[in-house]
Structures are given as C-alpha cells and as structure tokens.
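Each of the next two complexes has chain A plus one other chain: chain B in the first, chain C in the second.
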Partner chain A sequence: MKTRVFILITAVAGIFGFALLAGPRPINPFAMSGLDREILLFVRLPRLVVAALMGGGLGASGAVLQGVLRNPLADPYILGLSSGAALGAAAGIVLGVSFFGALTVPLLAFAGAIGTGLLVGLMGWRRGGIWPERLLLAGIGVGFMLSAVLMLFLSVSSNEGLRRAILWIFGDLGMSDWKLIPYGALLIGLGLAIAQRRAKALNTLMLGDDLSHSLGFSPRKETALLFVSVGLMTAASVALGGMIGFIGLLMPHIMRFFVGTDNRILLPASALGGGALLVVADLIGRTVMSPTELPAGMVTALLGAPYFLYLLRRRDVIG
Partner chain B sequence: MSSDKKKHDFILELDNVSFSYERELNLIEDLKLGIGEADFTGLLGANGSGKSTILKLLAGILKPAGGSVSLWGKPMTSLRHRDRAKLLSYLPQVLDMRVPFGVGELASMGLYPYGTPPELTVAEALGMVGLSEKRDTLITNLSGGERRRAYIAMTLLQGAGILLLDEPLANLDIKFQVELIRLLRELNSTRKISIVMALHDVNIAFQFDNIILIKEGRVIGTGTPENVLNEELLKKAFDIEVSVHRLEEGSFITY
Partner chain C sequence: MLRVFLMVLMLFISVPAMADPPKRIVSLAPQITEILYALDLGDNIVGVTTFCDYPPEAREKPKIGGMSNPSLEAVVSLEPDIVVMTTDGNPKEFQARLETLQIKHYVFTARRISELPDAIRDVGAALGVKERADEFAGELQRTLNGFRDKKTVAPLRVLFIVWPEPLVVAGPGTAVDDAIELLGHENIAAGARLNYPKYSLEEVLRQAPDAILIGGMGQEDMKKVSVGLLDRLKNTSAVREGRVYYMGDGLFRLGPRVVDGIEEMADVLDEACK
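Moving on, here comes the complex of A and B:
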C-alpha cells in the first residue's frame, strides 16, 4: 500500500510539472526567457492551481458522497449544488451585473451552490440529523427545479451573455485568476480537512447506520458533517470554473482499484487523482487545437471514461 | 410470568420502556428486562413480536419514548458515543456485503473507539473467529458464515462486554449455525462476554442459559429454557400447538 501511495504522489507531481512546461509554447525550465517566466507564473501556474483545486475538490466530494449515500452512482452534482451554481453564474453573466469586478460571477455561483446546499440539507433533515435517502431525493428534486429555472432564464435571454453563460456552465478554466485562488483553496481545503477527520466515521457509515452507531459514532451527525464538507468542496469547485463532469462520479472508483476502500487513504487519493486528471485535460484542451480551446470538462470525460471502462472490464465491479 | 432468575445486578437494563415507530400505536409499553454479566440469553419470539426493536433499544440505537435504558447503572443517554462503544456492541441481522473492505480492515474498525489500541490485536481476533488465513480477503468474497465471523472479530476488538446480535443464524445452513453458536459460547465462557441474541427457532433456544420470551412487545416469560420453554407459554408466544420433548441429550419440540 505504501508503494502505491508513493507511486500515486510521484505521478501526480510529475503531471503537474509537465503541465506547467508543456503547451502551445513549450518552456525549457533551464533556459527561460522573461516571457517564459511571465507565462509560467501568471498564465499557467494559476490555471494549474485552479484545475488541481477543482479536480481535487470534485474527486474527494465524490468519494465522500458515495460513502455517505452508500451509492456507487452518487456524484457531487446529484445534490443540485451545481444547478444552483449555474443559475447564479448565468444570472450574473446574462444580466451583466458586476459588484465585485472579476469576482462577481464566481461569487454568485458560490452563493447559488451554498443556497441550494442549505435548501437540500434542510429537506434531508429530520429528527436531529440528515438521512441519506431523503438528502439524495431532495437533491435530485431541487436540482431539476433549478435546471428548469435556468433553462427558462437562458431561453428568454438573447444577448452575447448567453454564449458566455453556456460556456461557463460547461467548464471554463480560461478565466482562472490568482485573485480567486485563495478563496477556492481555503474552502476546498476546509472541506477536505473535515472529510479527512471524519474518514473513520465514513468507513463505518458505509456498513450502515446501526453499525456506525455501534462503533461509537452518531450516524445522523456524521452524515450532516460530511454533507457540509461535500457542500463546501463542490460549491467552491463549481464557482472556480463551472461544471466538470466525470471526476466526481468516477475518480473515486478508479482510485478504489488502486488504494482500496478505506476512506482515510481513498479521500486524499481521489483528490490527487481528480486534480491530476483535470490538469491533464486542461493541458490537452488548450494545446491540441490551439488557439481554440476545448472545454476541459469535455476532455476529462473523453480521457477518463475509456480508461474507466477498461478498468471495469479487467476488475471486479465495486458496489 | 415465571421468573427464577437469581437476584443480581443487571449490566444492561430496560426500565418501564415504551416505544413506538412514528404515527403507530405503542409497540412496546412498560417493558422491563435486564441482562447480567456473562449471560447467554436468547430473545425468543414470533416474527413481528418486537425482538429487533427491543435489541435496538438495548443498543441505544432507538430512543425510548418513556422509561429509561441503563448501561452499567448509568443512563444510556449520559454516555458519550465512544465510551458506550467500548461497553456494548450490536450486529444487525443484515450485514453489508457490497462494500469491498478487507477482512482485517473491517475487523480493525473495532479499534475506532480507542486512541491507543487495547491488548487484543487484529491477528488475535481473527484467530479467535477462525479467519487468520483470510485477513486480506475482501468481505465481498466471503461466505455468509465467514462474513458473520469477520464482524464478530470486529466486536471482539471493540472490547465490549456485551454483544447484541439480531438473528445471526438466519440464512445460515446448519453447519454454520452450529459453528457460530459454539464460537459465541466460547467467547461467553472464556472472555465473559454477555451474549444477547434475537432468535425465532425454539429448538436453538434450548441451548441458551436464559430465555426471554416475547409476545407483542411484552415479556411473557423469563428464566432457564426448562422453565420457560413449555407447551403453554410456547402456544401463547407462537400461537400454535407444540409438544416439548425432554431427553437427556437435549430438548426439542415437534408440531
């Protein structure tokens, strides 16, 4: 197991290094011009950090949520947070509001996601805690409702903002900015820290609420706490750069093939794997058809899905 | 109500407990029952008699609407979850079989309530339940009997003196049933663990030290199998005529 963790960390570090140097304009780290240095520090590094944070947050949230809901098909977006974020962002873009400059859209997206999270959490709450089945159904219901409002909103708007709003919804890392990073890092770091501290409780929740109780946890409270961690990570991730499919749903499964089911290892592994995959997808997206950029979310799925299907054929299915 | 239980202190006790699931009539009313140290008790009753509910009340999973549950003389509600887990463990009837934890990984969850692990090691616990060879096997690949034993290894590491089991023999064939009862007996006599098991098979109930006979959420008999498992009480509990046969090798019923 130690060897596998070491391989994983080394591979992720290698991917990050490579992504900084490769691209439409390859950079030789031993002979950098002034322009190279500018590109590295102010274009590629912030973009890499944003992609790593988003992918990491989604990978870890997916692992937490699949455990809490005891459902291998759970995806952080299933709770409707992303629909809330998309609605917030689309409203900001289409209406052209701007009260915090460049931070306006991410802020509206975050507010939309957290507001949705509170609503879904409230509906999943009963007798002193959160119940997984209620939470899941509440998330799906609220998500559909918000998506419908978003569609209504987009179908009656007809300006240039519409195209930008749609691009944003499908994952736009092009607007990544150093200014956003501290907030994103703080929220995703906080969510990950909560989940990591409750990883033992999450292991027991996967065996069922009664066993979790017998092993010394309060299943209702642990579920609520883990939901907060998922909410923080998912909302921050969507606010940083829109919706990225695949990672939240399938990265935890890919990592289970490598490091097993114990969430104390699976959560950080899913975060690392998710971060690395989105960094690679973004690198490919901005390189292959340069100067046209392909949406990172699309590349993520194109890369990840065949690999996942290959693993699925080779190993036993989990779930 | 027959009672020949010697006066002694109960370590786990329901006192005048009442309970109902939401919007339903009281399933349990004014229930009193107690479990002593190193008891080997069968909670016997027909389907729907309230056995599972009583076990969950004893485990602290369900909160009584009235009355109190006490563990080692303290109200259950006054104990921290972690401290309670060191005294009491509960295994549900249906054990998860979809999550691919390793056997050793699963068993070591019994150590979660502890900061520093107690004396028993994972290897020793697996040895006691006969799963030493399967430490790295995934629980998804075990037979029903083995899986049950893996979870019992977990409760051993938990170090609790009371083990509550909900119908652990259901869906096991006779070999695994016998093996499991033997294992629990051994843990009961060597490690002084109080075993409380919900069951519905009267012939298995004869092997216990104590029987608590349940009907519609009430105790209709408590004591040794010889005293409780008679034709009159069994008819009352199960609503069917049975004949009890007592032989030197053991007792059994026919119907």
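Moving on, here comes the complex of A and C:
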C-alpha cells in the first residue's frame, strides 16, 4: 500500500511538471524569454493550479458522497449545487450586479451553490441530523427546479451577453488567473480537511447506520458534517471554473481499484487522481487543436471513461 | 397545337415573376429583415424574430420567436405569402416543416461579404423587386470595391474579440475576417479551424496583435466585461500603446449595414496605423 501511494504521488508530481512546460509551444525552463516567463507564471501556472484544485475537490467530494449516500452513482453535481451556481451567476448578470468587478461572476456562482446547499441540507434534515436518502432526493429535486429556472432565463432573455457569460459554467479553464486561487484553495482545503478528519466515521457509515452507531459515531451528525465538506468543495470548484463531469463520479471508483475502499487513503487518492486527470485533460484541450481550445470537461470524459471501462473489464472486485 | 400549349404554359410560368411583390413576408433573421427594408419591402413584412431590432420600425412588427427557435405556429398564423430564412442561424428542420405545410419560402445562403451583392440580387428577383435589388447590389459592390482598392499603407496584425471570457474571437470564414482582409490587414486568428473559436490566451500573447478590436452589443457593456481580459493582455503592444477599439455589431450581420461595419473598422485601423 505504501509503495502504491508513493507511486501515485510521484506520478502526480511528474504530471504537474510536464503539463506546466508542455503545450502547443513547449517552454524550456532553462532558457526562458520574458514572454515565456509571463506565459508560464500568469497563464499556465494559474490554469494548472485551478485544474488541480477543481479536480482534487471533485474527486474527494465524489468519494465522500458515494460513501455517505451508500450509492456508487453519486456525483457531487447530483446535489444541485452546480445548477444553483449557474443560476446565481445568470441572475447576477441579468440584474447587472457588478460591485465585485472581475470576481462578480465567481462570487455569485459560489453564493448560488452555497445557498442551494443550505436549502438541500435543510430538506434533508430530520430529527437532529441529515438522512442520506432525503438528501439525495432533495438534491435532485432542487437541481431540476433551478435548472428549469435557468433555462427559462436563457429562453426569454435576448441578452447575448448572458448566453455567452453562462458558457463558462460548462467548464472553462482558459481564463483562470491568480485572483480566485487563494479563496478556492482555502475552501477546498477546508473541505478536504473536514472530510479527512471524519474519514473513519465515513468508513463506518458505509457499513450502515446501526453499525456506525454501535462503533461510537452519530450517523446523522457525521452525515451533516460530511455534507458540509462536500458542499464547500463542490461550490468552490464550480465557482473556480464551471462544471467538469466524470471526475466526481468515476475518479473514486478508479482509485478504489488502486488503493481499496478505506476512506482515509481513498479520499486523498481521489483528490490527487482528480487533480492530475483534469490537469492532463486541460493540457490536451489546449494543445490538440491549437490555437482553438477544447473544453477540459469534454477531454476529461473522453480520456477517463475508456480507462475506467478497461479497469472494469480487467478487475474482478468492484468498489 | 403544341405552340399554343407552350404559349399558355409560358404565360403561367412568367406570371409569378411579373407579379407584384408578396404582400405578406415573414423574416426569420435580423439581417434578412434589414435587407428587406433596404429593398423597400418594409411595409410588406408581417413577422420578424425577437432579434430584429433594425431599422427601429422593425421592433414594432409581430414576433415569431427567436432565430434558432422560431415558432412554426406563429409563422403559420400570420398566413405569409413567403417566408425568408437563412442557412446561417435558422434550423434546417424548420425549412422541412415549411415544405410539408406547403408554405412558400426562400432560403438565403450567403455567409461571406463577397457573396452578399449577388445574394441580394437573387432574393430581390425572388421577391419581385429585381430592379431595386440590382440597383442596391450594384451600389454595395461599388462600395466594397472602393474599400478593396484603397490599399492600406501599413498592414496590421489584428485580433477581433467577440467575447472576452471565455475568450471567443472571429476566425476564418466570417464577415469580420473578410472585412479585415478586404482592408488589407491580417487576422491573427485566421489559422483557427472554426468560425468563432474559443481562443488560447497564450497564443494571443505570443502572436502579439498590433490592434485589438472588440465587437458586440453596447460598447459600455463590452468595456465592462473586457476589463479582466485587457488586464491580462497588458504587456501586448496593442494594449500598452492604446490600440484597443470597441466596435458596433455591423459585422455580425451579413446585411446592408455590413458596409457601416467595414467603414468603422477602416476608420479605427487607419487610426491604429498612425
């Protein structure tokens, strides 16, 4: 197990270094022009950090959620947070809110996601804690409702700006800059820390509420706490760069093939794997059709899905 | 006998061409509406899209929905003599639906500036205003030739931004690209493989355009949303030396106002050359 974790960390570090220097026009770190340095520090590095944060947050959220909901199909977006983020951003654009300047859209998206999270959490709350089945259904219901409102906005508005501004929600890393990174890192770091501290409780939750209770945990409270961690990570990742599919749903499964089901190892492994996958997807997205960029979210699924299917065919044990 | 038959047949064939222009026209695109007004058919228009905002009178016409989602029911209820649509924005299925309902329609296919004069002649002939259309198209052709012949002193490398975040620019095969070439300059995004590609910020920094044009809806709005992008391009000569220009939407519609769009572009690029 130790060697596998070591291999994983080394691979991820290697991927980050490679992605930073590679591209349609590779940069040689030992002979950089002023332009190269500017591109490296202010275009590629922030982009890479955003991809790593988003991918990491989504991978870990997926692993937590699949455990909490005891459902292998759980995906961080199933809780409706991404629909809330899109609606928050769209509403802000329509109402002409702009007091935070360039940070307006991400902040509104974050507010929309957190607001949705609170609503879903409230709907899932009964008798002093959160119940997984209620949480799942509330998330799906709220998500559909908010998407419908967003579609309504888009179909009745003839504001071309709104349509284009909402494009980012489908995953855009091309314009990532340093401004949002400290906040994103803080929120995703906080979410990861909460989840990691409660990883043992999450292990027991997967065995069922009764067993968890008899092992000394309070299932309702643990579920609520873990939901907060998922909410923070997902909301921050959507606000950083929109929606990226696949990672939250399938990266935890891929990592279970490698490191097993113990959440104390699975959570950080899913975060590392998710971050690395998105970094690679973004590298490919900005390289293959250069100077046109392909959305990283699409590349992620094109890259990850066949690999996942390959693992599924090869291994006997599933999750 | 055959001769009589042919004469009768000719009579029937020639009648539509000599007839008055259709009384009830529905336009399915803003540039079509503008062309119809330019051909003095404005009074005959009975339906337009929600995007048809020019000339101002067009806003008063009954609406049949958007460009990509026109309402078939709304179109049918207007009992049009002819529906004028375009391959650049209207869904192909809509044409098939009009065919099954046997509603007469004309499909406008021009996508490039060079195709516009002939396309206007054709649509004019189909709508019974051939003379007016020939005259208008001839004038348009002369104006376009005028732009082409007035060669620029110093060709510039230009980037035309359609939307700043995500960064979408005008690529090859667009009216914007045609206009840049017509004026003797170079579109740095001409090598992209899409009409309106999501463009790489890194490439913009590397290709270092001499001038940046930002097109779109209200200039104030575009200024507001472009702040972040221009800050990131602050080390390019275009931004450092103040050669960033905000333009109207003339070049986004392949209609009569394309000329105004080219004129506007010629003016700012002349200024940029100084």
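Simple rule for what comes next: the second predicted complex is superposed on the first by the 307 of 319 C-alpha atoms of A that agree within 3 Å, B and C clash if a C-alpha of one lies under 4 Å from a C-alpha of the other, contacts with A are read in each partner's own complex, and residues count from 1 in each chain.
Please note the rule applied: a contact is a pair of C-beta atoms (placed from the backbone, for glycine too) under 8 Å apart; a residue touches a chain by one contact, two chains touch by 3 or more.
Keep in mind that this is a model prediction, so the values were computed, not measured.
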Partner chain(s) touched by A:Pro291 [first = chain B, second = chain C, both, neither]: second
Which of chain B and chain C A:Pro26 touches, first, second, both or neither: neither
Chain B versus chain C as contact partner of A:Met206, first or second or both or neither: first
Touched partner set for A:Thr261, first chain B, second chain C, both or neither: first
First, second, both or neither for A:Ser214, with chain B first and chain C second: first
Residue contacts with chain A in the superposition, chain B compared against chain C: C
First, second, both or neither for A:Pro182, with chain B first and chain C second: neither
Of chain A, residues touching chain B in the complex: 70, 200, 203-204, 206-208, 210-211, 213-218, 256, 260-262, 316, 318-319
Complex contacts: residues of chain B adjacent to chain A: 56, 59-61, 81-86, 88-92, 95-96, 98-102, 105-106, 109-110, 112-113, 140, 154-155, 158
Contact set on chain A toward chain C in their complex: 23-25, 35, 38-39, 42-44, 98, 101-102, 155, 158, 160-161, 164-165, 167-168, 172, 174-175, 177, 286, 289-295
Complex interface listing, chain C residues touching chain A: 50-51, 66, 69, 163, 165-168, 171, 189, 191-194, 197-203, 205-206, 216-217, 221, 224-225, 227-229, 231-232, 235
